[in-house]
C-alpha cells in the first residue's frame, strides 16, 4: 500500500533515494548529453546529487519545503553551469512555495511542480517545445494539478508517467536552447538530457512513495 | 681535354654550374638531413644557391678569389643558421686566400680548400670525425695539397674523389655536433647532409673543368 | 592529449589556487572558488568578472591593478554557481556597489543573477553589464542573443580603469556599457580543444574547414569555409566587423578618421606567428580604409584549451575610452605601462 | 596541422612585419629582417637580442620600453645571417656600443660572431653575453655547452632595465652576465611542434613519455620518464634546479631566506591552466624550503609552435637585480607596471 502523505523525514529520505537513483543513472545521462550536448550532464548531476546527500543525510528540517530548498541549494552551489541554476531553481522555487507545511501530500505535489516549473521558465527563458527539461517538467506539473486530491503515492505515480511521456515527446523536438541548438534538425530523434533527469527524479519519488 | 686553368669568368660559370647542381640535388640533401637532422638542409642550400646565381649571373669580378667570396657572401646572408655560416665561411675564407689571382689553377685549388677548411673549423669548432661537412672537406683539402702541381681539371678530379670518399666515410661516424648528436649510436649508417653537399659541390666543379 | 594535471576533476580548483600564487600576495582565494584583490580601497565601486574556467588567462586572469577587483570562477567551461558569485561579491564590495561584467551565456546569466539576488539580500548594490561582442552569434537587432568572446579583454581593461575614478555604480555602469557598445569581434576556429575531465574534444570540424564566426567552445557561426590563407581570412573576418558597425542602428558606421583599438587573439593552439601574420594584414586593411589604429593587443588571452583559431576585436575609441586605455594596468592576463605604443 | 599562414616560405618575413605593426609606430623594420626601436637615445648603450623565428613571442617580442633596443630575426628555427645581425647592430648603435644577448646555440654564435666582425669593421663596439640557462644540457663545469631556453626572458628584462642606466658597455655587460649567472631553467616536452615550411614535426616522443630536460626544439635532456602528474613533475624539475645551484662552484647553493624570481613557461600547446596548476605546486615547494618568491612570471613566452611542454626558470635576486626588475617595461612579449606583485 502506497503512502497517503509523507512526513518531513520521509520527504528527506525520498530525496536521498532520488539522489542515489540519479548517481546510478550517470552513464545514461552522460550518453544523452553526449549525443546532443557537451557530455557533462551525467557528471554534473552526479556531483549535484552527491552534494544533496551530504546536505540531507542525518539532518532534521523544520518543514517539507525546507527539504526541497536544501536540495536546490546543494545542487545549485555544487553544479554551477546552466543546469545547476535550472535544477537548483526547480527545487528552491517548488520548496519555497510549500511554506511551512510539515507533510507532503497530493496538493503539495501540485504546488511543488507548478511553482517549480514557473521558476525554471522564468530563470532560463525556455518554453515547452524548446527541447529542454521543461518538456518533461511542464507536463508533470500539469498532471500534478489534476491529481492534487489523490494520495501522494498515486499523485506521484501519475506525475511520473507524465514526466516520462514528456521526455519521450522531447525526442521529436528540435533544440532551440543551449548547446544542442547547434545541431538544428539533427537534434531530432534523441531525448533531451535534462528531460531524462526529470523523468528519473520523478520516477524515484514515485518508487519511494509507493 | 680538360682545362689547364680557369679564367675569372670561367670560375664564375663553374660556380653557376655548381649552384644548378645543388638546386637539382635538393631532394637528396633533404632526405639526408631528414634522416639525421631536421630536414631543412636541402631547402637551405637551394635558397643559398639561388642567391649565388643572383649574385654571380652576368657579373664581372676583379679576381678569382672575389668570385668565391661573392659565393660565400650570398650563401651566408641568404641561408642563415649554422650551415649558412659554415658554407659561407668555406667560400669566403678560401676565396680571400686566393688574393688577386686572375686564374684558378691547381695551386689555387690547394689554397682554396686548405684555407676554406681551416676557416670552417675555426668558425664551427668541428674536427674531422665529428660527422659534419668537415669530413668531406678535410680529405678534399689534403688531396688538393698533394695535387697542387696538376692542371685544374685533374686537380679537381682528384679532390672530388677525396670528397666523395670522405662523404662515404662519414656514414660510419657517430654525430657529436648539431642536431644529429641527439641520435648517438643511431646516427651511424647514413652520410652527413653537409658532407653530401660538399661532395656534390666539388663533383660539379670537376665536371665543369673537365 | 597529454595534459599536465593532477586530478582531472580538480583542475578548476587547483588552477585558481595557482593563479592566487601567481599574484604572490596581491590577491587572495575567497570562498569556494573566487579570487579577490587584497587592497581594494574603501568606497571603491567594485568590478567583478567571472565565468567558466578552462579559458585561461581569462576570466580570472583579468583581476589586477586598474583591472577587475575579483573574479567568480566556475568549473571547466561552466558558469560559477550563485554562492561563488555571492562570496566574490561580498569580498569585493566596499560599500559603494559592485558591477558584474561578464560574457553573455545563458548559464552565466542565470548564476550571476542568482548571485545578485543573494547579494541584494545582504544589502549589496549590484548592477550587471553583459558582454556580447561576437557579431556572428546574432544580428544587431538581437544583441541579447549575442555571445561574449575575446572583446571582453579590452572591455574589462577599459572598465577596470573607469572603476578607479568612478564615484558611483551608475558611472561605472555607463562606462562599461559604452565599452561594450563600441566593441565588436569575429572569431574562427579550425580545431577543437578538449575537456580535461573526459579528454574529449569539444566539437568536430573537417580537416580542411574553418568555422567562420564560431564561438570559443565551438558554437556555430555564420559559415563553414574551406581552409584559406591568413590574408584572405583576415579580410573576410574584418569585413564582418565593418558590416556590423554599418548595420547596427545603435552605433555609427566605421569611417575614415576613426580610431580603433585592435586585438588579435589566439584560442590556444594558434601560434603568435600566425597572429602576427594576420595582424600585418589587418593593419593594411584598416590603413586602406583610412581608419587609424590607436593601439594594439595581441596574444592568446581568450582560449579554450588547445583549440585552434583566431579572433579580431575592434573597439572604436573616443576621448573617454582613450583616457581609460592609457592608464597602466597589471594582471596575469594583460599588463601595460602608461600610454600606448607609438603614442 | 592547420596553420593560418600565406606562403610557408615567407612566414618569418611576414611575422616580423606583423610584429612591427603590433608596435604601431614605436619600432621599425630594418634591413632584411630586423626590428628596432625608433626612439633610442643618443649615447645609450644598446641591447640587441635575436635568434631563429618560430618561437614567438621571443626573441623579437622582447624589443620594447626598458627592454631590448632591437632584434635580429632569423628564419624559422634558424639563426639570423650575419648581415641581418650587422644591419640591426648599425641601427641600434648610438655611439656607445652594442651588447649582443642571445641563446647559446652553435648557429647563433657563428652568425652573431660574423655579424660582430662586420660591425667592428664599421667601428661599432660590440660585446657578447651568451644565455645558457638550461641546466639539463651540460654539467655546470661545461656551461659553454649549455643551451639558452626560457630563462632568456627574465634575463633580457633585467638587462633591458640595466641598459637604461648603464653608461658604458662594460657596465651593461656586467649586469647581463650577473643575470645569466643567477638564472637556471629546466624544461620538459610532451609533444613536438611543426616546421611551417614542411608541416613536419620537429621530433618524436612516445604517447606516454615526457622528455625531462628536453630543449625547446626537442634536443635531448636528462631522461625520458613516463607521463606523470603535474605535482610530481614539478618537484622533479625544481629538484634539478636546486641541484644545479648546489653543484655549480660559481654560485652559492639556494638556501633559506633567498629570494627568487619564478617563471613558468609554456612551449605552446600546454595551456595556462596547466601552468597555473604547476605554479601552485612550485609555490608550495619553495615555501617549504624557506625560499621566498620575490615575483612571478607565467605564460607562453618561449614557444616552439604547437609543441607541448613546460619549463621553470629561477633567478636568484639581489638588490641590484631587484632594482632592474621593479622598473616597468612594455613589449609584445612581456609588460609590467612599476614594482612587483604583492610588493
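In order of appearance the chains are A, B, C and D, and numbering begins at 1 in each one.
Here, a contact is a pair of C-beta atoms (placed from the backbone, for glycine too) under 8 Å apart; a residue touches a chain by one contact, two chains touch by 3 or more.
A quick note: this is a predicted structure, and the numbers were derived from the prediction, not measured.
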Distance from the mean Cα position of subunit D to that of subunit C, given in whole angstrom: 28
Distance from subunit C to subunit B - Cα centre to Cα centre, in angstrom: 55
Centre distance in Å when subunit A and subunit C are each reduced to the mean of their C-alpha atoms: 34
Of all residues in subunit D, the ones touching two or more other chains: none
Junction residues of subunit A - those touching two or more other chains: none
Chain contact graph, described as a line, ring, star, complete graph or other shape: line
Pairwise chain contacts, counting only pairs that touch as defined: A-C, B-D, C-D
Of all residues in subunit C, those that touch subunit A in their complex: 32, 52, 74-75, 77-84, 106-107, 110-111, 113-114, 195, 197-198, 200, 202-203, 217-220
Complex contacts: residues of subunit D adjacent to subunit C: 2-6, 11, 14-19, 21-26, 53-54, 56-57, 61, 65, 190-191, 196, 207-208, 210, 227, 229-231, 233, 268-280, 282-283, 293, 295-296, 298-300, 303, 305-306, 308, 310, 328-330, 332, 335-337, 340-342
Subunit B to subunit D touching residues, read off their complex: 34, 38-40, 43-44, 76-86, 88-89, 123-125, 177-179, 182
